[in-house]
Amino acid sequence: MIDQFVIPLLKIVVVLNATLLGVTYMVLLERKVIAWAQSRLGPMRVGPYGILQPIADAVKLVIKEDITPVRADKWVFTAAPIISMVPALIVYAVIPFGPTIHLFGRPVSLYIADVNVGLLYIVSVASVGVYGIILAGYASNSKYPLLASLRASAQLISYEVAVTLTLVSVILMARSLSMVSIVNAQYNAGVWFAFVQPVAFVIFFIGGLAETNRAPFDLPEAEQELTGGFHTEYSGMRFALFFLAEYANMIVVSSVATTLFFGGWLRPFPNVAALHVLDVIPSWMWFLIKSFVFLYIFIWVRATLPRYRYDQLMRIGWKLLIPLAIANLVVTGIVKVLIA
Amino acid sequence: MLSDYIPIAIFVVVATGFAVFTLVFASLLHSEKYNKVKLEPYECGIEPITDARDRYSIRYYLVAMLFVIFDVETVFMFPWAVIFDKLLLFGLIEMVVFIFILVVGYYYAWQKGALEWA
Amino acid sequence: MGQAIAFYTLAAFILGFAVLVVSTKDTVHSVLFLVLDFLFVAALYVLLGAPFLAAIQVLVYAGGIVVLYLFVVMLVNLKRPPEAHQDPHRRTKLGFGLAVAVLLELGAIATYGMTRTGSPLVVPGTNGPLPGNTEQVGWLLYTSYLIPFEIASMLLLVAMIGAIVLAKREL
Amino acid sequence: MLLSAALFIIGVIGVMVRRNIIIIFMSIELILNAVNINLVAFSAQLQNNVGQVFAIFVVAVAAAEAAVGLGIILAFYRNKETVNIDEMNLMKW
Amino acid sequence: METPAVHHGAMFDTNELVINMGPQHPSTHGVLRVVLRLDGEKVVDADVVIGYLHRGIEKLSENRNWTQIILLTDRMDYVAAATNNVGYCETVEKLMSIEVPRRARYVRTILCELQRIASHCLWVGTHAMDIGAMTVFLYAFRERELILDLFEEFCGARLTYNSMRIGGLPLDIPPGWDKKVLEFCMIMGSKVDEYEELLTHNRIWLERTKGIGIISGPDAVALGLSGPPLRGSGVPRDIRKDEPYAAYDEMAFDVPVGSAGDTYDRYLVRMEEFRQSLRIIRQATEGIPEGPIVGKVPRLIKPPAGETYHAIESPKGELGYFIVSDGKSTNPYRFRVRPPSFCNLQGLRALIRGHLVADVVALIGSLDVVLGEVDR
C-alpha cells in the first residue's frame, strides 16, 4: 500500500512542486539571460537582483481580471488551458531523474514510474497537448487566435512526425522503450547516444524547439505577426496555465534530450573508473546540470536568431527533417545488421 | 506490471486537480469589472467585420492527414526497433520495403505540392 | 477487486462519453468528448495488459485522427445547423433492425466468451520468451503477420494518395 | 465484452440518428473502438497477443478511413455547402 | 508590376479571410491599418487605411507664424525631428532668399546625419524585431540613446528638438560638443558591424528578406518611392547628391544602391548609409568653420508673395515642403508637406500582394514608415 500509493504520491508532489518552481524561475532566468545578452539588467526591483520577481508575477496573474470574450465558447475556452497544462505535467511521470537510491533505509527510485512503453508514453501524451492550442484558438472565436492556433497545431504535428521518426533510431540503439533502460543502455555501451546518433540528436533538438514553440520557430505566438498567437484572448490565470505549460514543455524537452542523448543521470565517461571523482556530484545533479545546459541553449537561441516564416518552417519540417530522419533510421538499421 | 501505471494514474488525477484548482482559486480572487467593449474579441481595435469561424485553408487538413498517416507508420516502427536485434537482416528488409512504400506516398505528396505552403 | 472497480469505472466513463459524443449538438464539443472517450479507452487497454496498444491509442487516435476531425470541423464551419431539417425517407427502421441483429450477435459472442473463460487458450510459440508487451506484439507483427503489415502500409499509401486527390480543388 | 457491445450500440445509434456526417464518422470511430476493446479483451482473456496485433491493424485502417473519409467530406462540402447526410445522394450531384 | 510566383497552392481551395492588421497591432509601426484578404496565410489583396494619427499639421500651419511652424514640423517624423526642421527652414529661406552662414550649414549637416543614424537605428531595431530578432532592437536603441544625449546637450530636448531657426541655428554648439560627436562616430562604427554580424549573413534573416517584396527600379519610380526603398531598387537618386543643400556639396560620400530591389537590398542600403553618415559627420565636425550661426534675417519674418517647393533627403526619403506666401500676413497662405513615408506607403499594397502574413510586417518594416508623418 505504501509502496503503491503513498511513495508515488509523495514523489508526484515533489516533482510537481519542483516543476512549478522550475518553471517560474525558468522565466526569471530567461529574462535575466536575455537581458544580459542585450546589455540590460533585467528584473531588478522585486527582491535582490529580482529573485522574487516570479512570486510577484504569480500574484499578479492570480488576481488579474479574467476575461472571456463575448462570442467565445465558454466551456471550451476554460478547458483549453487545462488540456494544455495536464499533458505538460504528466510527462514527468516517466522521466528518470536518477537511479534507485537509498533514503531512510528504503530504496527509492528517482522516477515516478518506469513503464516499458516510456518513450511512447511521452510522445503520445505530448501529442494530446496540441488540443489545448487548437481549442484555445477555436473557443476564442477571434481571428488572430484562430489563425495562430491552426498554424500552431499544423506546426506541432509536422514536427512531431520528424521527432517520432528520430526516436525510432534511438530505440534501435537502446532496444527498449523504457526511459530507465535507455539510460542503462548508454551505460553499457559506454558512450552517450548523442555521439552515436548525432543526426538524430540534431533533428530531435530542432524538433524540440519547434514543439515547444520556441524561437526561431515561435510562429504560433509570433507577437509581431499574430499579436499574441493562440492566447491573444486569454488573461489572468487561464493565460498563466498556457504559460506554465509552455515552460514545463521546455523542461520536458531538455530532460528527454538529456535522457536519450546525453546519458541521463550518468556522469561523463561512466565506464572510466579513473574518473570516479566525478561521482562526488550525485547522479540527479548530473541530470539537472545537463538539462540546465539545454534550457540555457533554448534561451540563447531565442536571444540570437530571427524567426522563420511559416512556409519555411513547414518546408524544413517536411522536406528536410523527415527525409533526414528516415534516412538516419535506415542507415542505423543497416549498420546494426552489418555489426551483428 | 500493472502497478507501474498506478503512479501515472495518480499523477493524471493530481495534475488535473492542480489545473482546476488554480483556476477556481484565481476565480475567487480576481476582480471583475467587465464592460461590453472589453469583452469584444481582439481585432486590432476594429470591430470584427466577419465571423472568425470562417473557412480556412484546406492545407491544414492536408498536413493533419499526412501527419496521421506518418504517425501510424511510425507506430509500426516502434515494436520493430525494439526487437530489431532478433530480426536483423530479415527485419531490415521488411522495414525497407515498408519505408519504401511510405516514401512513394511521400514523393507523391511532394510532387502534388501537398507539402508546399505558399 | 481493485481491477474490477477500475474496470467498471473506466467502462462507465467510456460509455458516458460515448453517449455525449453522439448526443451533443455542438460538433466541436462532440469531438472533445471523443478525445476523452479515447483516452479512457486507452486506460482500459492498460488495465487489460496492453500498454503498447494504449500508447498507440493515444498517439494515433487521440493525437492524430481526432486532430484531423477537429481540423475538418473547423474547415467546414457549420453555418447552418445540419440537424435543422428532417428527412422522412431515411430508413431508420432498417437501421435499427440491423443494430439489433448485431447486438444479438455480439451478445452471443459475449456469452460464448464467458463460457470459455475457464480455459485460457495458449497458442504455442506466439508468446515467445520476450519480455514486455511491446516486444511480444512486435514479434508477432514482424513474423506471423508480416503480410498484413506490408498490406497495411499499402493501405496507408492508398489513403494518402486518395486524400490528396480529394483535397485538391480540381479533381 | 458488454462494454464493447454497449459502445458498439452507441456508435450504431450515432450513425443512424445523427445527420451531421462528421458525427456519423465519429460514431464509426466509436464502433471501431468497440471492436478494438473486444479484441484486446479477448487477448487478455486468452493470454494471446494476436488480438492486440489485429487491434493495431484496426487502428491503421481507422487512420486510413479517417483520412479518406474526411477528404470526401471536404470535397462534398465544397460542392454542396452542407454536412447533412440526407443531401448526400451521390448520383444526383 | 511584379506578379508573385504562382505555386502549387493555386490548385487548392481558395477561401478568403478578411483580417484587420492594425491600427492596434504590435508591428504596424504606429496606427497603420492594413485590411488583409487572406487565402490561408497568403495575402490575396490588401487595403491600407491611414489617418488614425491625423492632427492637421498642414492646416494648423496656416494659422501660425513662420517661426511657430518649426515646432509643428517636429511632430511629423518624430524620430527625425531635426531633419524636418532643416527642410522647413531651408524652404522658407529659399522663399526669402536668405543666405545661411557656412557654420550653420555645417551644424545642420551634422544634425541631419546624426538624425539619420538615429532614425536608422530605430528602423533596424524594429525591422529586426518584426522578423523576430529581438536583440538587435535593444542594441540599436542603446546607440540611439547616445545620439539623443548629443541632441539633448545641443538643444535641451530629446525627441522634438525645435532645433532650427529660419536663417540659421537658435544657438551655437556647446563647447566640447564636437569632440563628443567624433567620439560617438568611433563607437558607432563598430556597433554597425555588430548589427551586421547578427543579421547580414544570418541564414534565417536571408531567407526572410531575400526575394521578398521585389520592386523594380521603374516601378519604384512610378509609385513615387524615394529614399532607401528607391535606392534599394537600384535607382541612384539622393537629393544630397543631386540637389545639394546644407553643406552636402562640400562633403565626400557615396550613395549606396541595391540591385534586386527586395527587402534585403533595402536593408543593405540602410546599413551602408549608417557608414556613409558617419563619414559625413566626421568630415563636417572636423571641418566646422568659425563664424556666425544666423544669417541676415528680418525681425518680422514675412516672405514675399510667391510659392516654392524645396525637398531634402530625410532618413526616409524625399521630404518636400510646398509653401505659398501671400506676402501680406505673417503666416503661410498654404503649407503642404510631401512626406516620404506617405509616398513610400503607396508601395505597400503592391509589395505585399502574394506574400504571406509574416512578410507583411517585414515589408512594412522595410519601407520604414512613421505614421506621424504619413497622417500629419
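Observations on the model:
Residue numbering begins at 1 within each chain, and the chains themselves are lettered A, B, C, D and E in the order written.
Everything below uses one rule, namely that a residue touches a chain if its C-beta (ideal position, glycine included) is under 8 Å from a C-beta of that chain, and two chains touch if they have at least 3 such contacts.
Small disclaimer: the values here were computed from a predicted structure and weren't measured.
The chain with its CA mean position farthest from that of subunit A is E.
Looking at which of A-E and C-D shares more C-beta pairs in contact, the answer is the pair C-D. Placing every chain at the mean of its C-alpha atoms, the farthest one from subunit D is found to be E.
Computed from the mean C-alpha positions, the centre of subunit C lies at a distance of 7 Å from the centre of subunit D.
Note: centroid distance subunit A to subunit C, computed from Cα atoms, is 29 Å. For this pair, subunit B with subunit C, the centres built from the Cα atoms lie 18 Å apart. Centroids of subunit A and subunit D (each the mean of its C-alpha atoms) stand 34 Å apart. In subunit C, the residues touching two or more other chains are 49, 51-52, 56, 59-60, 63-65, 67-68, 71-72, 74-76, 132-134, 137, 141, 152, 156, 159-160, 163, 167-169.
Across the assembly, subunit B contributes 5, 43-44, 53-56, 58-62, 64-69, 71-72, 75-76, 78, 80, 82-83, 91, 102, 112, 116-118 as residues in contact with two or more other chains.
Those residues of subunit D in touch with two or more other chains are numbered 56, 59-60, 63-64, 66-67, 70-71, 74, 78.
Listing the residues of subunit C that touch subunit A in their complex gives 26, 28-29, 32, 35, 39, 51-52, 54-56, 58-59, 62-64, 67, 70-71, 74, 131-134.
Interface residues of subunit C, counted against subunit B in their complex, comprise 3, 43, 46-47, 49, 51-52, 56, 59-60, 63-65, 67-68, 71-72, 74-77, 130, 132, 134-135, 137-139, 141-142, 146, 149-150, 152-154, 156-157, 159-161, 163-164, 167-168.
Across the interface of their complex, subunit C is touched by residues 1-2, 5, 9, 53-56, 58, 60-62, 64-69, 71-73, 75-76, 78-80, 82-83, 86-87, 91, 94, 97-98, 101-102, 104-105, 108-109, 112, 114 of subunit B. Contact residues on subunit A toward subunit E in their complex (touch as defined above): 34, 37-40, 143-144, 147, 151, 215-216, 218-219, 222-227, 302-312.
Within the complex formed with subunit C, the residues of subunit D that make contact are 1-23, 25-27, 29-30, 33, 36-38, 40-50, 52-53, 55-57, 59-68, 70-75, 77-78, 82-84, 86.
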